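Following this line, the structures themselves.
Presented sequentially are two complexes of chain A, the first with chain B as partner and the second with chain C.
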Partner chain A sequence: MQFTSFNFLIFFPSVILLYYILPQKFRWSFVLIISYYFYININPIYAFLLVGVTTSTYLFAILMEKTKSDKTRKWLLIADIILTLLPLFFFKYYNFVNQSVFDLLDYFGIRWPLPNLSLLLPIGISFYTFMALGYSIDVYNETIRAEKNFGIVALFTSFFPIVLSGPIERARNMFNQFRGKLTFNYDKAVSGLQLMLWGYFMKLVIADRVAIYVSTIFNNYEYHSGVSLLFATLLYPFQIYGDLGGYSLIAIGCANVMGIDIIPNFNRPFFATSMSEFWRRWHMSLIKWLTDYLYTPISFGLRRLNVWGIVIALLLTFLISGAWHGAALIYMIWGTFQGILLSIEALTNRRKVEFEKKYKLRSKSLYIIFSSVLTYALFAFSLLIAGAVESVSAAFAVIGKIFTNTQPLFINKTTLFYMLIGVGLLILSELRDEFFPEKFKLFQSKNIYIRWAAYMSVLFLILLIGVFNGGQFIYFKF
Partner chain B sequence: MNKGKLFIKKLFVFIILLIILDFAIGSVLEHFYFSPKSKISGDNKLYYSLKMTKEDILVFGASTAIHGIIPKIIEDSVGMSCYNTGWNGTNIYFSNTILSSVLQRYAPKVVIFDMTAWELNKEDDDFDKLSELYPYYYTNKSVKEIIDFSGKYEKYKMLSKTYRYNSKLLYILTQNLRSGNTGVQGYEPIYGYWNLDLAEDTMSVEPYDSIKFSYFDKFVTHASEKGCRVIVVSPPVYREYIKDQYSRIEPYLKSKNVEFWNFRNDTSFLNHREYFYDYVHLNNAGAIYYTRQIASHLKKLPGA
Partner chain C sequence: MERTEVTDKLTTIFRTTFSNDSLILKDEMTANDVDRWDSLSHMILIAEIEKTFSIKFKLKDLNRMQNVGAMIDIIITKL
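Moving on to the complex of A and B:
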């Protein structure tokens, strides 16, 4: 069941109604049952994996807490990590590793073929695996107590708003809420519905509309001009932002309506003036996870190497981030590329800051705009190798054509017209939030007429120009 | 007041307001979509195709039809009136719905179906273009049938009057603001010519989708039963990159006594950039040449 499906339109209000009718003490158990119903609805067999990952995480966490010896605790953590990662590796990386090993052995004249498997990647596996791992590491680091109630751990890994595509939550944020009083909170419910509404706008009006143009161009890139390819390349980040950003808002909104807080996932990323700032604003829950559980331990371990320790940590973290996105060379290249960009920034940061200070550049809007545009363009081009087109060679063919072919732009008037409305409104809204957070309030206006007019306008824009057959969310495949 | 009760009360008022606004906005859109101006001038092509056509020859198909076949040339050559009902991005589901609506009113003498090589292949977005028909859901039986068939929740979605005009805002605006008809009897010319280099690739031949084929069969059988002469044409392409796609359809068409004119291998089109806007769509010059060939075939038909 997708957030954008008609089924969800019936499912969610029914769940909320029953949730608040039930006595408080049964609410978390009810959400657990509903979460499994939600997940089973996609593919029943994969729910066993979710149960497996949850059970091993639960047991190892308790064992780690009970064990006194540091050495044993370490081995328990390693065993837990291996067990938790096993399904993810099997479903996501088996074919990739199998093929790579085969190619390597074949190079040396050794042929030892194992069959490739044609299994569907269980939806959400990358997300709940990371959540489970985060919990285990937190217990190992003693930043959280092991949860004794299996149901609470099971709800954490399967919580239906976030199980499919995040945000990647932390046990310390969720357990207390699940154990606490899940009461109706008027303000939270209203803000949840507001987030859901804007999330639907981002997905249906922006992401799926931009997707029509972008996929027309990228799916037939051989037949399109360099100008069209450049335009599609620059539009693609809006598609991804609308897709995952929209999904995240709907997920956070759903949880808010139930009185549960979820960490934010995006913070107006296209206003970032450097790649490091960009990654503090984009897919924040994943980046925070990678920072806490990978980057920080690695850079701490390599602290003797000073700045080069940071560079190595950055490269490794983003290489793993690339691998998390997909088992293909394109994602590794994308991760490495991001790691290199961030490393360059880390190495030149001091001189950059001095230069900016000397010429007071941070107060010059032209410089800020230039930096934002450059960051956006770098991200847009990096996406070419991270899924926009089918392969690395296709990405290079696209880049080559962008610089060599000057044929006119492919124009689809209808798509461009609706896309302009959606993207334009998004930019205006983000501009307001970034630079005038206290002005021009619509959803947050104290005047009920303005507020309701804003709700209705967005709702009817969705009905009028939304794309209702745009397919599933992009991040389901991760 | 209890916060929960206040929330429910406000939600109730919001939903009532939403229903009222949906009806009001939907009605305004309906008014402009079906404005008298567009009905009379034929600017509303879909309305004209579904409810007003009376021509002897009707052309059906997708973008290759709309940009490839010029009714005026056929009229001048054959001496019968002609209209092109083609619609961008559509497929047999759409064409069959238009034909069914037409046949409820009258039977054209000739029905030309412009069939691309991938016409009967299964696509993810097979039913997407049916959204063009949403405004006719409650007034046209054939439209209602196909929309209900396209998804189990479609009939519930149709309850929203505004939703029926989803993605039609630009159309409504342009229809009501501009003067004159851009298309000529349904034909929409495109100018410019194809000048990109094509990589040497071929698309594999895919199996026909059984549901689509059954709709194609409905199209052919229904028209034939009503006494229409059915002609299937395969439009020319810049380069033939799907081989043998029609070999399976030809015996079927023969068994149905349907004319099949295949321009796909026509060397007067293959690799002739001057006739193409892109690798599958003819430009105006190509359309003139293509339509003249169709007209010449039409004239040779027994009893023409």
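Moving on to the complex of A and C:
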């Protein structure tokens, strides 16, 4: 069941109604049952995998807490990490590793073929695996106590708003909420519904509309002009943002309606003035996870190497981030490219700050705009190798054509017009939140007419120009 | 070593690391309050503290450094 499906429109209000009818102490158990129903509804068999990961995580956390010896605790953590990652590796990387090993052996004249498996990637596996791992590492680091109630751990890994595509939550944020009083909070519920409404707008009006234009161009890039390819390249980040950003808002909104807080996933990423700032604003829950559980331990271990330790840690972290996105060379190249950009920034940061101070650049709008545009362009071009087109060679062909082919822009008037409305409104809303956070808050206006006019306008736009056959969320494939 | 002495030495490290000669440390200060104090510069700061105080942190100590005050407390326990 997808957030954009008709079934969800019936499922969610029914769940909320039953949730608040039930006595408070039964609510978390009810959400657990509903979460498994939601997951089984997509693919029943893979629910066993979710149960398996949850059970091993639960048992290892308790074992780690009970164990006194540091050495044994470390081995328990390693065993837990291997067990938790095993299904992810099997489903996501088996074919890739199998093919790579075959190609390597073949190069030396050895042919030892193993069958490739045509298994569907269990939906949400990359997300709940990371959540489970985060919990285990927190217990190992003694930043959280091991949860004795299996149901609470099971709800954490399966909580239906976030199980499919995040945000990648932390046990310490969720356990207390699940155990606490899940009472109705009017303000939080209203804010949740507002987030859901805007999330649907981002997905249906922006992401899926932009997708029509972008896929038309990229799927036939050989036949399109350099200007059209450049336009599609620059539009693609809006599609991804509308997709995952919209999904995240719907997920956070759903949880809010149930009185549960979820960490944010985006913070107006296109206003970032550097790649390091960009990664503090984009897919924040994943980046924070990678920072806490990968980058920090690696860079801590290499701290004697000073800035070079940071560079190595960055490259490794983003290489793994690339691999997390998919088992393909394009994602590894994309991850390495991002790691290189961040390393360059880390190496030149001190000089950059001194230069900015000397010429008082941080207070000059033109410099800020230039930095934001450059960051956006770097990200947009990096996406060319991370899924926008089907291969690295296609990405380079697109880039080559952008600089050499000057034929006119491909125009589909309806798509462009509807896209302009969606993207334009998103930009206005983000500009307001970035520069005038307390002004022009239409959804939060004290005037009931303005508030409802805003709700109705957004709903009207979704119904009028939303794309309702746009397919599933992009991040489901991760 | 007294807490004030630790704070003074730490202030010098912070000022050098973040290129800010007027930085004054407060116990409740976090990375959000100091320009350029991010996950990249944090590790340089940690390495510099270890060198200056001749101490060695554990990864667990890093997780407990929620603010400057907690950082000073941890440094004192290592001296």
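We adopt the following convention: the second predicted complex is superposed on the first by the 478 of 478 C-alpha atoms of A that agree within 3 Å, B and C clash if a C-alpha of one lies under 4 Å from a C-alpha of the other, contacts with A are read in each partner's own complex, and residues count from 1 in each chain.
Convention: a contact is a pair of C-beta atoms (placed from the backbone, for glycine too) under 8 Å apart; a residue touches a chain by one contact, two chains touch by 3 or more.
Everything numeric in this text was worked out from a predicted model, so none of it was measured.
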Going by the contact rule set out at the top, does A:Arg280 touch chain B (first), chain C (second), both, or neither? second
Kindly classify A:Glu354 by the partners it touches after superposition: chain B alone (first), chain C alone (second), both, or neither? second
Return first, second, both or neither, reflecting whether A:Phe417 touches chain B, chain C, both chains, or no partner chain. first
Once the shared chain is lined up, is A:Asn141 touching chain B (first), chain C (second), both, or neither of them? second
When the two structures are overlaid on chain A, which partner does A:Phe300 contact: first (chain B), second (chain C), both, or neither? second
Which partner does A:Gly180 contact after superposing on A: first (chain B), second (chain C), both, neither? neither
Set intersection of chain A contacts, chain C complex versus chain B complex: none
Residues of chain A defined as touching chain C within the complex: 141-143, 276, 280, 291, 295-297, 299-300, 303-304, 306-307, 309-310, 313-314, 342, 346, 349-350, 353-354
For the complex, which residues does chain B have touching chain A? 3-4, 6-7, 14, 17-18, 21-22, 25, 124-125, 127-128, 131, 153, 156-157, 160, 162-163, 165-167, 169-171, 195-196, 198-199, 201, 278-279
Touching residues on chain C, where the partner in the complex is chain A: 19, 36, 38-41, 43-44, 46-47, 50, 57, 59-60, 62-63
Residues on chain A engaged by chain B in the complex (per definition of touch): 6, 20, 184, 186, 189-190, 222-225, 405, 407, 413-414, 417-418, 452, 455-456, 459-460, 463-469, 471
